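Which chain is which? They are A, B and C, in the order written, and residues in each are numbered from 1.
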Amino acid sequence: MIEIKNVSKWYADFHVLDDCSTFVGKGDVVVICGPSGSGKSTLIKCVNGLEPFQKGEITVDGTSVGQKGVNLNALRSRIGMVFQNFELFPHMTVLQNIALGQTKVLGRTEPEAHDRSMLLLDRVGLVDQADKHPAQLSGGQQQRVAIARALAMDPIAMLFDEPTSALDPEMINEVLDVMVELAKEGMTMMVVTHEMGFARKVADKVIFMDEGRIVEEANTKEFFEKPRSERAQEFLSKILSH
Amino acid sequence: MNYNWNWGVLLDDPYLMWMYTGFGWTCLVAICAWVIAFTLGSIIGVMRTLDNGIARGIGTVYVEIFRNIPLLVQMFLWYFVFPELLPKDWGHFVKRGIPLPEFWTAVVCLGTYTAARVAEQVRSGIGAIRNDQRNAAIAIGLTSVQVYRYVLLPVGFRIIIPPLTSDFLGVFKNSSLGLTIGVLELTAQSRQITEYTFQGFEAFTVATVLYCLVTFTVMTLMQKIEGRTRIPGMLSLGAK
Amino acid sequence: MFKDFDWAVIGRALPFLVDGMGMTLQLTVIAIFGGICFGTLLALLRISPFRPISFVAGSYVNFFRSMPLILVIFWFYFLVPQIIGRPIGGFYSVLIAFVMFEAAYYCEIIRAGIQSVTRGQIMAGTAIGLSYIQAMRYIVLPQAFRNMIPVLLTQSIIMFQDTSLVYVVGLRDFLTSADLIATRDNRLVELYSTIAVVYFILCLLGSLAVRRLQRKYTI
């Protein structure tokens, strides 16, 4: 479904992505991990064209992302994205946040969008917060709204950019629970995260990145039991030592 | 200090009327100029935040030109120089054809000058919004225009209400420069009364009080607006 | 289109224009110096914990900030000779007007600069035994001035432009000198566009320098 072929990206002289290739099949859950600055976030932002890249090709469901003339907006509306800092629109209520893309991009009517939004809010357990503004919610609640906002577009795949790293520890699980459920329902997901528990539980595949390169790509079980590369071993021992 | 205060003189005909019309012109110039400044400034400010290099370049050049020439010199350029650079018929039209050429010159001059300031505020307002906010809007498939219309502008403008207020008051104060090309606004009228009656302090005092009153009113009004547009649960916007 | 214009007039007017620029620069420099000194004093009064003092300073600032500079110039031009009972010439009354007026703006910049230094810094200063005034003098002000140098310089460029307003009382600065020749020789286009270019270049260089300085300080 998502194919990344030999993608390279530079910021001026700095090589952010170095010849990255991978494949995510329909219904797969792929976790991308690695030290900060390794290019994980940049890689998944390339998938929906938020970050341009200079070399290589990315195709999503048969559509090439980098190519000129491709309707990126139409493609983006079919790929949900969840950000590190939630990025709900602060001046809109929770409901308006979820309805915006439905009415402006998908062309649903207000009542249609409203019903769908309420359904999704119910699913993430926040029906009673529908008329609040983002700043009145906790971080965990905001991130769940952000997931609902992405789901409202009926995406064929979801991208998560460190969805729990801005959260207080006690709120991480409420967000992960929603994600686990999504994964079990067969959603195609690419998740940048350090939550190795989550990876163990639901990921089909783990990608380890360092210095812009995909250093290791392995089945989840294999990755945790006997990582091949030294850097992945080192990384795992550091974050799993507590 | 030997000065014979004579407040009564201001009530004499035609001085009261002078002050009254002067204040009227001040308000009219300021409001018309602000319409230009706000519209043009918003457009140029947005242009400066676009990815398109040409749009950004045009915006930058505009801002640098209008910010780096004294307003009074700009006033003279619009009034004396601009008509001469146009083809003859047009120049003639600008000088004689339109009614109230001084008024419109002052309005255009102040409007285009203040637009450069407004543009800078708009740019910094949008710039204060985290990049991922923009990404989030793009990621749900909004077009660039929609991203600005529904996300960046509503948030950006809320952030810059206080500096925009002071730019608006700036237009009010700067409208006094209209007197150099013959717009009979508040300051011009009070100077004229000085010359006719030698009771300058009274006229200047009234003008001063009126300017302070305008400032006070606008400030109060804008604080109300700021309060009304404040986003629930948020202490301050624009934090990175 | 330009064939009707006589640019040689600029050459003939040059000595006069240079004198005018001298006056402009003199006004600018003195007013900046006076404005910053008085502005710092106002800022210190404004953040004073003693309410009546901060109220008076605050009122002063708000008052001058709601007035057009031209009106302030007129006030002092007519008022100062009345107060001291004899004419002192346009230059000094205008200078006083500028210092009084610009101090209000400098005050706000300096106040913001001082308040940008965290309260913890004063506490840390008093914790090692400095008095409030010593903490201000040795800890807060040096940091504050560093933070506000770009803004102070930008305000000074604006102030340089503002001096052209002395035109309304006929003081012979750069603009007024040009204006005198422009009307005498009926060469408005040539002179006004020339001084516009000169002002533009000077101010642009100034603001580019400020930006460079800013970059140097933030890195």
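Criterion: contacts are C-beta pairs under 8 Å (C-beta built on N, C-alpha and C of every residue); 3 or more make two chains touch, one makes a residue touch a chain.
Computed from a predicted model, the values in this text were never measured in an experiment.
J.: Would you indicate which pair of chains has the most C-beta pairs in contact?
T.: B-C
J.: By C-alpha centroids, what is the most central chain here?
T.: B
J.: Could you tell me the distance, in whole angstrom, between the mean C-alpha positions of chain A and chain C?
T.: So the centre of chain A lies 53 Å away from the centre of chain C.
J.: Roughly how many whole angstrom separate the Cα centroids of chain A and chain B?
T.: The computed centroid separation for chain A versus chain B comes out at 45 Å.
J.: Measuring centre to centre with CA averages, how many angstrom lie between chain B and chain C?
T.: 20
J.: Among the residues of chain A, pick out those that touch two or more other chains and give their numbers.
T.: As it turns out, chain A has no residue touching two or more other chains.
J.: Within the complex, which stretch of chain B touches chain C?
T.: The touching residues are 1-3, 64-65, 67-74, 76-77, 80-81, 84-85, 169, 172-177, 179-180, 187, 190-191, 194, 200-201, 204, 207-208, 211-212, 214-216.
J.: Residue numbers of chain B touching chain A in their complex, please.
T.: Going through chain B, the ones touching chain A are 130, 132-133, 135-143, 146, 150-151, 154-155, 158, 231-234, 237.
J.: Can you list the chain A residues touching chain B in their complex?
T.: 45, 48, 50, 73-81, 83-85, 87-91, 100-101, 104-105, 132-137, 146, 149-150, 153
J.: Hey, which residues of chain C end up touching chain B in the complex?
T.: Going by the criterion above, the answer is residues 1, 62-63, 65-71, 74-75, 78-79, 82-83, 85, 157, 161-162, 164-165, 167-168, 175, 179, 182, 188-189, 192-193, 195-196, 199-200, 203-204, 207.
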